[in-house]
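In the two complexes that follow, subunit A is the common piece, with subunit B as its partner first and subunit C second.
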Partner chain A sequence: MNRAEMLARQRKAKRLLSLLLFVAATLFSVWFIEFDIMEFLSGIPLFLNFLFVDFMPPNLDDLSKYLQPVLDTLAFGVVATVLSSVIALIIAFLMAHNTSPHPVVRVVLRSIISFIRNVPFLVWAAILVVLFGVGTMPGIFALILLGIGFLSRLYAESIEEIDKHAVEAVEATGATYLQKLRQAIIPQFMPGYISWTLFMFEITIRASAILGIVGAGGIGSQIKLTMDLFQYSSTATVVVIMIIMILVVEYVTQRIRERLL
Partner chain B sequence: MKIPISHKATKRNQRLFFLVMIVLFVPCLFYLNLSATQFAEGIARIPDIAKQFLQISLDDLPKLLTELLTSVIIAFLSVVISVIVALLLSFVIADTTAPNRHVAKVLRVIVVVIRTIPTTIWVLLAVASMGFGSMAGVLGLLFPTTSFLIKSFTAQIDEAGKDSVEAIRALGGTWWHVVCNGAIPTLYTTFLALIAFNFEMTVAETVILGMVGAGGIGVLLQEYISYYEFAPLLMGILVVFITLFLLEMMTNQIRKRLNSQAR
Partner chain C sequence: MTILLEIKGLTKKYNAGTVALDGIDLQVKSKEFIAVIGPSGAGKSTLLRCINRLVEPTSGSIDFLGQRVEKANSRDLRHVRSQIGMIFQHYNLVSRLSVLENVLHGRLGYMSSIAGVFNRYSEEDKKKAIALLHKVGLENEVYKRADELSGGQKQRVGVCRALAQQPQLILADEPIASLDPKSSAVVMDAIHRNCTEQGIACLVNLHQVEVAKQYASRIIGIKNGKMVFDGPPEALTDYHAALIYEGKESQMYQQQVAEEQPNPTGRKYA
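Take a look at the complex of A and B:
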């Protein structure tokens, strides 16, 4: 047997082994969570039936009732995006490789941000509801935490991607730290900043739809409320409103991006 | 004399952006009418709750880990099913391989609508239809994961698969030849990377989804929060944090490998 044949055989064996592992993992999963395939398959038509029969047609009688939650959600988005972008901007400058004043600051901030980001958003929201009570305040703070976790990292990444030569040139003229930021880094970082901030606004709109589920305000609370009361046709209306809102916001931010960048 | 070197129009537009940001921010802040006393009361409660948090206990760790495994399994199963569905559908949707343009267009619109609805809402709907439990979680996750995979698969097929597809077409190959011999072998590794990436996103989502009744570790977290049991809650948060942190590191590795492959 020559070498090429052996290699081919090895590769085949490897492929077979990974396939077997995959099948074993699937079987274990099915067994572990008592996943009943027949019940699942029969559940899919039931689910579609539920969506298209119980939810249709959307109840359009009291559309004006939903104006308030929509405005709430938009206001949530604006306030949370602006506040978190300001905080994240400061953190990002302290956290990025090329602008961090001290390595210790960088490592500490990086771990804090990574903690904020990796604890699920809904958990933060639920804890904040315990702290501040039901209402808009925990929702805003949860969104701000989400924004800080998300934006600091992305801002820092864009700052790190900046062209080094401009920074070196400014440094060579004897510029101070702040002058360096102002003249070399901020102008290059601006497009990234605007683009990510707009993206953050889109995310807050989606997220505030979810916030209502833990009692933190926004349009999500209407979804939860109508579903708890089994008024599925009203739920359909809220979901449609939400889809339209998300699409409009995405369209508007896309237009702004095209104009600015 | 000072010579301005920045681009004037860009600068003006950027100034306008910040101006709009401030102009929108101030009325929104007043509209939300945040109460200072509520804020102060919440802040005053922090030390008390922090004290309860810090009485960390290991009692619930085995329970937490089993539920974490359930969460991961829910994500795994929904990704497995989604991959099968997405593979079938994305070749029907992608421009280069679509057998019928009109069908492709309709499917594309459906995928966009599915993607717009947040995952949490899907799971909420699935729980309402199927009852609490892991199966509802798998069903609810199926829609967003499938639509995500379809979107990224079709983008890859349109981008990378074009040459081999054209070559096989020129030889008179059928649609099956195009898909099985042309597109799949060239895109094999990219698809695997995308699936891994999607799996990690889905795990992060399943952790949350338990909180709306879809099984997994989120159910426990929701229980702890509603019964004010902060000591095990901190343990749960740490378990979740460590898992997601490791996953994030893995995702970064995959992204790096993808990037180096693309170059």
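Take a look at the complex of A and C:
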């Protein structure tokens, strides 16, 4: 048997082993959480009934009532995206290995960002609600934290990927650190910056819909409110509004992207 | 003629353990046009890049106009760099900026940090930059984006960027290795003519002995990190050239036709 064949066999064995482990883990988990497949299956019609009977038709009487929360959500999105992109930009320059002033700065920031990112968004929101009380502030702060965690890392990665040769040429002219950033790094980083920031805006809009559920304001709070009052047809309206809003935001950011890049 | 650059015992060991330069001594006087030749991996690029410390020398001294480059702090190093223009094999332009902006980068070393950040180039700098572009035949490309140009045009922008520094010395690392013969001639002419006219000294790495002989006032041969030839072009006989390229004759007259072949033994097993 030659070497290539042996390696191919090893790979096959490994794949089989992974599959077995996966199946075993799934079976164990099903048993462990006492997952009842019958309950799950019998729940489906109930769910569909809820969705299509209780929710339908959407109550369109008080559409105007939802204008304010929609505007709120969009404003949250803009504020959170702008603030987090500015903060993340600075962090990213300090964190990317080709622009970081010192390795210690880099490592410290990386750990902080990784911590922010690894605490789930809803946990941040819940903590902030406790700190600031129910309202819009914790929502915005949670979105900013989400943005900082997400953007710092992606910006830093984009910065690290840019063509280092052009940067070197600018350094060779005797440029200072800031001149190098502005003249060689930022122009090359612009496309990445724009597309990640627009993407962040989309994520923020989606996330702000969820935020209402922990009492952090925005359109999401209308979902919780109407459901708590059993006004499911109003809930349906809110959901429809949210979907339309997300689609519109997606469309607009896509157009901006096409125009700018 | 004044001594511009004095290198003594310059050695560079890379982390991987490669000794790229092994005790180089070199004096460059003003207005000299020096071609550096040698086989691939000889240390030519390393030599040039140690002079403006894009690569940190391991030991030895580099004296540029009375300033000890290897000991310079960052401010002094920027001052040294501002007086040394550099031209690269792959042009190294900032592709998303205009041709003019790329040329103006040559002025950064003479401006305050803030002025450079806000693009506050003086009118005079702009006029001179445009004049340089006219001179190399890029009058219609001034406001184009750098990535819209052909290779030969890009390299002329690179030459203008170096000239915009009004340097004492230009370091050119294989400026024509990526160009076709016609563009090569245009670029070499532009470098040579401007250096001669403005009294700029030049160190240019070249693969082609013929080109070196055509332009240089002095030729330096490097092999395995050591200087093995130093003299006027007339003194570089076929015998010397053969010695420098011993065992690597195929690289002597022509640039490598193909890029490095992928190593056939390095093939991965599927």
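Following the convention adopted for this analysis, the second predicted complex is superposed on the first by the 238 of 261 C-alpha atoms of A that agree within 3 Å, B and C clash if a C-alpha of one lies under 4 Å from a C-alpha of the other, contacts with A are read in each partner's own complex, and residues count from 1 in each chain.
Rule of thumb we're sticking to: a contact is a pair of C-beta atoms (placed from the backbone, for glycine too) under 8 Å apart; a residue touches a chain by one contact, two chains touch by 3 or more.
Not measured: the values here are computed from a predicted model.
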item	value
Which superposed partner A:L16 touches (first subunit B, second subunit C, both, neither)	neither
Contacts of A:A24 with subunit B and subunit C, given as first, second, both or neither	neither
Partner chain in contact with A:V252 - subunit B first, subunit C second, else both or neither	neither
Larger contact residue set on subunit A - subunit B or subunit C	B
First, second, both or neither for A:V79, with subunit B first and subunit C second	first
Partner chain in contact with A:P187 - subunit B first, subunit C second, else both or neither	both
Touching both subunit B and subunit C, residues of subunit A	187, 190
Of subunit A, residues touching subunit B in the complex	25-26, 29-30, 32-36, 39-40, 43-44, 46-47, 50-51, 71-72, 74-76, 78-79, 82, 114-115, 118-123, 126-128, 130-133, 135-137, 140, 187, 190, 194, 206-207, 209-210, 213-214, 223-224, 227, 239, 242-243, 246-247, 256, 259-260
Subunit A contact footprint on subunit B (complex, rising order)	6, 10, 13-14, 17, 21-22, 24-25, 28-29, 31-35, 38-39, 41-42, 45-46, 49, 69-70, 73-74, 76-77, 80, 113, 116-118, 120-121, 124-126, 128-130, 134-135, 138-139, 204, 207-208, 211-212, 215, 218, 221-222, 225, 228, 237, 240-241, 244-245, 248
Touching residues (chain side subunit C, partner subunit A) in the complex	52, 54, 77-86, 88, 90, 92-97, 101, 105-111, 113-114, 116-117, 158, 161, 165, 269-270
Residue ranges of subunit A touching subunit C (in the complex, touch as defined)	3-4, 7-8, 163, 165-166, 168-179, 181-184, 187-188, 190-191
